[in-house]
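Okay, here's the structure, questions in a sec.
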Amino acid sequence: MPLAGSLVIGVLFRRLPDRSAGYLATGAVGLSFVFAVITLVSLQGHGVGDRELPSTLWNYAVTSGVDARLTVLVDPLSVLMICVVAGVSTLIHLYSIAYMWSDRGYVRFFAYLNFFVFSMLLLVLAGNFVLLIVGWAFVGAASYFLISFWYRRTTATRAGLKAFVINVLGDVGLVLGTYFIFKHTHTLDFLSSFRDVHTAFGGHSGDLTAGCILLLVGAFAKSAQLPLHTWLPDAMEGPTPVSALIHAATMVTAGVYLIARMHPLFEAAPAAADVGEVVGAATLLVAGTIGLVQTDLKRVIAYSTMSQIGYMIMGVSAGAYAAGLFHLMTHAFFKALLFMAAGSVIGAMAGNQSLDRMSGFRKAMPFTFGCFVIGGLALSGIPPFSGFFSKDDILLQVGTAGGWHWALYVAGYVGAFLTAIYTFRMIFRAFLGEPCPEALELEQGHLHHADVHTNPATGEIEDTDIGFPGPEHHIAEQRPLMRVAMGTLAVLSVIGGIVEIPKTTNWLDNFLAPTFADSTIVRNPSNGLLAFGLVLGAAVGLLGIGIAYYVWVLKPGTAARLQARLRPIHTLFLNKWYFDELIDFAVVRPAAWFGRFGQQTFERLVVNGTLVGGTTGLVKAGSAAVRGAQTGFLRYYAGLLIAGLTALGLYFLLQST
Amino acid sequence: MLSVLIWLPLATALAGALAGSLTGARGRTGLAVLVGALGSLGLAVALIVGYDGHTGQLQHVTDIVWIASLGIHYKLGVDGLNLFLVGLATLLFAVALVAANLREWEKPHLFYFHLGLAESAVLGALLAQDLALFVAFFDLMLIPFYFLTGIWGGEDRVRATTKLVIYTLVGSLLMLAAAIATAVLTAHDSGNALSFVFSDLRAAPLPVGSQDWIFLCFAAAFLVKMPAFPLHGWMPDGYRAMPIEVLMVFSGVLSKVGAYGFLRIVLPLFPGASAHFQTVMLVFGLASILYGSAMAFTQTNVRLIAGYSSVAQLGFITMGIFSLTPQGAQGALLQMINHGLVVAPLFFIILLLSARAGGSEDIREMGGIAMRAPILATLFLVVALATLAIPGSGNFAGEFLILLGVFSTKLVFAVVAFAGVVMAAVYSLRMYIRSMHNRTGPDVESRELRLIDGLVLAPFIAVILLFALYPQLELHRAEKSVTATVAGARAIAEPGTPQVAGGPLTALAAFQRSGVSIRRSNGGWTVSAPAAAGGVAPGGLATTANEVTVTVK
Amino acid sequence: MSIAWYLAVSAVIFAIGAGGVLIRRNPLVILLCLELMLNAANLALIGFSRMWGNGDGQVFALIVMVVAACEVTVGLGLIVAMHRLKLPMNVDEIRDLRG
Amino acid sequence: ALVSHLISLAVLFMLLRAQFVAAAQVVVYAGAVMVLYTFVVSYVGGADAGPRNGDPLGRPPGAAMTLAAWGCGGALVVELLIAVLGSGLKGISGHGAPFSPTFGSPASIGDLLLTRFLAPFEIASYLLLVAAVGAVVLARRRGGVDDGTGVPVITAMDIFRPRPPGTGTMAEGVGGRVHPIVGETDA
Amino acid sequence: MNYAAAVRQAAANGPPLKGPHVDFAALGPIEALLAGSLIVLMLGLLSSRKIRHQAVPAVTLLTLTVTIGLTIWQWHDDKSVVAGAMTIDGLSLVLTLVIAVAGVAATLLSWRALAPREAAHGEYYALLLGSMAGMLVLICSSNLVTLFVGLELLSIPLYVLCATELHRASSLEAGLKYLIVGSVGSATLLYGLALIYGATGATSFSGIAASLARGGASDPLLLTGIALGVTGLCFKASVAPFHQWTPDVYEGAPTPITAFMAVATKAAAFGVLLRLFDVGLIGDHANWGPALATLAAVTIVVGNVGALGQSSLKRMLAYSSVAQAGYIMAGVVVATQLGVRATVLYLVTYLMMNLAAFAVIVARERETSLGDDIDSLAGLGADRPVLAWSMTIAMLSLAGIPATAGFIGKVYLIQAAVDGGYAWLAVVIVLGSAVSLGYYLRVLAAIWMRSAPAVGTLGRPAIAGASPEAPVVPAPARGRHPEVALVAVLCAAGSLFFGIIPQPLFDLVHGAGSALTGLL
């Protein structure tokens, strides 16, 4: 395993002058990808039972029974992840070179991006809890950096802070979960703790369940599941490549990876797994409904991401590991593609992201349109695009589980239906219809430039210096690099399903088998259900597209009528089920109130008033008393002397028997 | 060697100040003291490099009778507990002196004299292996800060410094009484000659009744010094008034001496009381965390944000120590070092920020400073992330161990303490964002830091990164000493529980060293420990020890 | 007449002296009251001397007389000095020093 | 009144077999001290308390003080009486221990003074000297501060110098009177 | 008629009177003082101004030097002299040194002061020496009569000395208050001694102790006597609630005399407290121990609390000395040899730090027109670094900061208290110390953190209106009074030196503890 180390270190160089940074960074990530592939190949060289290879770099914190080492674990799961991560990252780096070309923070951008890739690789390669947590937090930090990349935008910094804090909450869950597990297994190493999980938790399955639920909290925070999802839509404040890479393809799926990685624990704690399933299903529904009514292009895609991850979480929690990871992979392809295409559109709009303003870009940007459609079809689960196979695989497995899981099964298909609607609502509104002025301008061969740069969210006026987007930021599909990246992903989105076609190819399943060899969940879905699922999936997808076509293309007024008729529901969806407000009300305000109370009241009254003031007041009062007694009257002095004498005499008399 | 380490700064300060005032070249004093501080730093590094982590014994011991009539020795020594704190102190003072030399001071010879005296006193307190010597240095180190704040401080400095000194000395003086009581009562009980040397005092623990009030006195001293909620009343005023260069060392080192005192004195000497008051102390720690965090994210003065964050951080440290587990104590020790490494550059950055924000220290008047100062922004970012203990930083390693320790003894406390972790993220980033990011403030002039400023920050960043990558550097060297330190109190707090996490061999070694196992009457403890040792193969899992113990019982 | 009577008288005189110091305002009179207290002590000393049958008390009393004379001398000297400075002969009005 | 008090006290002393002390009481107190008082009273102007000026900073002790004084005095008497009467000493209720015929005679006192109580006796003599010097310092009429200008100031030596008429004041009287006592006790 | 002559006469008359053996050598220090005072008195009568101004203090100093020399010469002596009236032992010798050094300092501080010029030099110094003789008698006394005479010999000259600035009403007021309240105290003490005599039938301490050993330790007569005795002696030691004269007298008296009183009187008072209670009344320890401990605690509180917010330095130091008396009392309370040593050691350190402080006050009284107001110290750090550092060390030492003698003294006292079972008193001591910082630090703040009136020496513009009526400060008269600075520097250096190397102090006081053999 000599390669693992170089993989981690290889991406660490940062801070280079001029535009070369972009190429260097891309090269580094590309190199990582090459190494990842080499790792994959060399792993295939090992025997099937011998494909879990930990290697320790150095002792990180080995003390007093804690055995945190810098251990890298290379097994099929992690190799799959590094391949996906490094591969998608390489493409997005390429895209970014073009996209960020004119930004004043170009070098910084790539530094952050590289740091992110490093962190992500660290996360997936981690061989123990500590390293996992480190990677976990690092990707959170990188995500924060990149969300707040335009740091003079207050909206961006606020979104970054929100994302980071919720991520830290996730970290906390992860750490606490680790504690619960460590408490009984006494090791932080993955393999050892998995090995011991059945023996160590003898009478304390409650601790295990608690630990797993806390791990889930970490996963939810990172993967934007209910109720910790509110950061993800706001995270769209970051540059679009960031949204593509972090908030669609890689980081947000870390939760899925986590559950897959921890599967021995979750299998031992079925209650926790159930929680994961239910939350996943709830998320995919809620996100789908919100996605229906949002008007911000990127936010719609963001909610779709949430929804898709809901599938994955549901899948891996239900024991459909390979299926979940399969969806993870295909999702990475098509969602990155969608974001890139969206970036292209937004570029044409000079930064404006509102669907209300867009229309008719089909002619102006045919390549983008093509990519968007491919991505949309994959997302909607239309055969034979990749999303079709992966999504159905998950639902099939869930369905096989039987019992109340049927409800989840149904929810999954409802979600798929919603997905198709909002995806094509987006496509239809942006690309079809009368071309908007920007589209017309582009058709005539030149890109729209905003005269006055503003923050699209608030309308505040901005300059184009560091900390704000650059002057001519967005190069709508005009750069070859962008086309290369988008094209590659489009191809992958189409054919990605090939690795796991039901009854045909089981490459992915077989590849991952060593990792999940110890899984106790064995399901043999019936062919009938399989066929039913495939048909149903295709059907709801097509139905959704049809409805979208009807509502937004054929009868453009329908949407408004529906809105009017379903006012309460629309309002609920538009306000994202009031999650932000809920969190604000339940957490932020009390905390702020507590802080203000502390600062304005407690500090003054108790800390300074009672403790300090009380003591000094007492001393001062004493001082006043003593000095007041010092009247200067000689006779008082004598009087006190005599009085003291009397008292003393009394005391001594009492002493005598 | 240790004596040289301690007295070098004072000697150079004295020489520099005298020569300075005689020849009129008073400005040179700073350089002289800097040389002394660098010398100490060099010695400290040599100590760290040369330290043998395989024994928990004192090394480089100097032992001279100081006051024979009182049994007070001038005894110095390093072990795992103070090794890195000494390094931290020398580093912070050296860097603070560099920072101070960048400015012109009124009466420079006096200023640097006090700084030199402060360094010597702090180092003395850290290295002292005699209770009375410790107390003497502990009290003494406050005095230079009285002058440093009072003469060179900011607004309302005299009142602030007076409050600071009186507040903290109340605790210290109580500790003085308690220290003497410890030695006297120990001598009474054991029949030995009066001695203040730690090892002598450890050999004959006090009865529980006297331990309790003595413990409270010590706790008062240390909690005030740290400062812990609600005894932090001196902190806001003091921090506001202190010159930043002084504040760097004050916040970075002095507060640690308080926490160090718990480890060095309270746990080994008063194990019974430590176990008795464990919950109380944990509540103190927890309250500090929550309150400090909440305050930190409502303050607008950057100094106070840093100050209250220190309150919270020291709350963590307190909790780690009073988890009475080796992990918790290890983490606390690591966290002390990390916090010192983080808070000092933070204050220096505050100095730079305020220079760029028209002299204001209010985050509402800052913003957008990062624009023309990417390096400053990056360094600040590193520091801010370390402050919030992002996993992967040394601070995280510390916090992880602390909370693990607390978790394994008092689960609920650990869970609630995590709120502090989240809040740390809020206030650290809030400070970073409001100052460096967001729209440029009205009086803000963004400019890059000077090379020399970078030189001040560079050592910190380097060491922060070093500890981020390799905390084991510290943990390994401290392990033996820390384990021995908490063993006594732990055995009393949780009788019958072996040192689960420490593994049977560590636990046994610790128990044998501390001699606690003999005193515990909990049915066969003395029997169980050897059984565990014998029954478990080297490297065997701690669970085995657990079982062995249980069966024997 | 038992010794106790003498002692009782002495105690009363002592208390009268003490009360006088507290009540009178003229320093001269206060000095006289002080004499009274010393005399009371003398009486007690003589009484005890008689009681124990040794002369210690008597010698003590003699020396007390000397001391009393000295105190009076210095006290009167002070009063004269005060008079020179035109200070009021009222201890209640001599209170520059206080607080 | 004081003189009669002193003399009756002397009678009590006599009753207690302290002849020498009784004599000394009469001579020293009734004689010397009272004369001194009389002189000073006549010099200073009697028991005139002087005008009271309204002091805004505090009221002089009034009735409450008087009450407190009586209270304290009364309590003191009670305490002392309890002490005396409650004492378990046998001798206190008796008429005293047996004594030699010379008990309280000048000779026996003198013997004691020069043997067991030699040191206090000698020191007392020195005390008288010091008191005399002190009284002189305080009561002497002076020309002013010796400010180094060479203007002669009046020192203690002036007592023995022929003094100009009209300067004979109590000061000299106070200083001069004590010496005979020193001589007396010495003899 | 001087003492020595009388003694010699008595010795010559020998056989018929059967005079006691008088060990003149052992009494050397007292004799030296007596003789010196007479010589000084006589010298003062000479008309030469030079002699009066220079020779008189010089002879005083010579006398004190001889006293110190004789004290050291007899070091390790332990004997009872003059028919058991006095005891020369380790305790008395150390305290003799303390008193003599205080005398030297007082002489130096008085050298150019106003008081001796007003009172005439000969008389002034003679009284000073006389008072010291009284102190020596007091600390050597081993019977009640000697005790009382010694006390009066101590007091009467001091009454006069307090009033020596005869043109200043407050000086006379101080004298009058001291005289009257002091006389009440003396009378009380006397009555107490009478009762003790009555209860035990003995005047010598050993006789009293023997009588107590036979029984009757809780006889009301004795206990009332003790109560009265405690009152009288505590008055001298300015223990609350008998302290009230202290601030007024300290403030009103000439500063050199205040310095002398603060140090020497206290030493003498505690010396005799140790003798009377730890020798004579040791059998009754169970009764007076708690009472004295309570008084000590009250004293600590009252002293420290009262000192806060005083603007007169002398007044502040007076309250501080009340508080210190409370600390020292802890050493008496425990009635152990350790306690005795701690008491004496603290007195020694107290000597150094207090004299340093008073010397600086004297210096500033002469340099500024602000008298002893705390404003007189403003900006001292910039103007007069030597004085500033002396005062700083003195204050830190008084506050009990490590590396100063005060710290060592306090540690020893606390140790004695804990050792004697009075741990709570130790806590009161340290809490008192904490409060005391409130006023000591105020002095330091004035020295270092304020600028001299009307002269901006700290580089900051003097805050307008800070001291509107600040008088024009006379140009600092550097070198005008080297002897004052010398006292300040020496005492401060001593405080610092013995704070770092305290072992000589412990050796010094070792004999004091061993002298009281009746104690543990």
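By letter and in written order, the chains are A, B, C, D and E; residue numbering begins at 1 in each of them.
The working rule: a contact is a pair of C-beta atoms (placed from the backbone, for glycine too) under 8 Å apart; a residue touches a chain by one contact, two chains touch by 3 or more.
Just so we're clear, the structure is a prediction, and the values are computed from it rather than from any experiment.
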Fewest hops from chain B to chain D - one hop per pair of touching chains: 2
Co-neighbours of chain D and chain A - touch as defined: C, E
Chain pair that, of all pairs, has the most C-beta pairs in contact: C-D
Chain separated most widely from chain A, comparing mean CA positions: D
Centre distance in Å when chain A and chain B are each reduced to the mean of their C-alpha atoms: 36
Between chain D and chain E, centroid-to-centroid distance (C-alpha), Å: 26
Geometric centre distance via CA averages, chain E-chain B, whole Å: 44
Between chain C and chain E, centroid-to-centroid distance (C-alpha), Å: 26
Shared interface positions of chain E, touching two or more other chains: 145, 148-149, 152, 156, 159-160, 163, 166-167, 175-177, 180, 184, 188, 195, 198, 219-220, 223-224, 247-248, 310, 438
Touching two or more other chains - residue numbers and ranges from chain B: none
Multi-chain contact residues (two or more partners), chain A: 627, 630-636, 638-639, 642-643, 645, 649, 653, 656
Chain pairs that touch, as defined at the top of this document: A-B, A-C, A-D, A-E, B-E, C-D, C-E, D-E
In the complex with chain E, residue positions of chain A that touch it: 619-620, 622-623, 625-627, 629-630, 632, 634, 636-638, 640-645, 648-649, 651-653, 655-657
Touch list for chain E against partner chain B, complex: 381-382, 385, 396, 400-403, 407-408, 410-412, 414-415, 418-419, 423, 426-427, 429-431, 433-434, 437-438, 441-442, 444-445, 448-450, 458-459, 502-503, 506, 510
Touching residues (chain side chain E, partner chain A) in the complex: 176-177, 180-181, 184-185, 188, 218-220, 223-224, 226-228, 230-231, 235, 241-242, 244-245, 247-248, 287-288, 291, 295, 301-302, 305-310, 319, 435, 438
Chain C-facing residues of chain E, complex: 144-145, 148-149, 152, 156, 159-160, 163, 166-167, 169-170, 172-177, 179-180, 183-184, 186-188, 190-191, 193-195, 197-198, 201-203, 247-249, 251-252, 310, 315
Residue numbers on chain D that touch chain E, as the complex places them: 79-80, 82-84, 86-89, 92, 111, 114-120, 122-127, 129-131, 133-138, 142, 145-148, 150, 152-153, 155-157, 182-183, 186
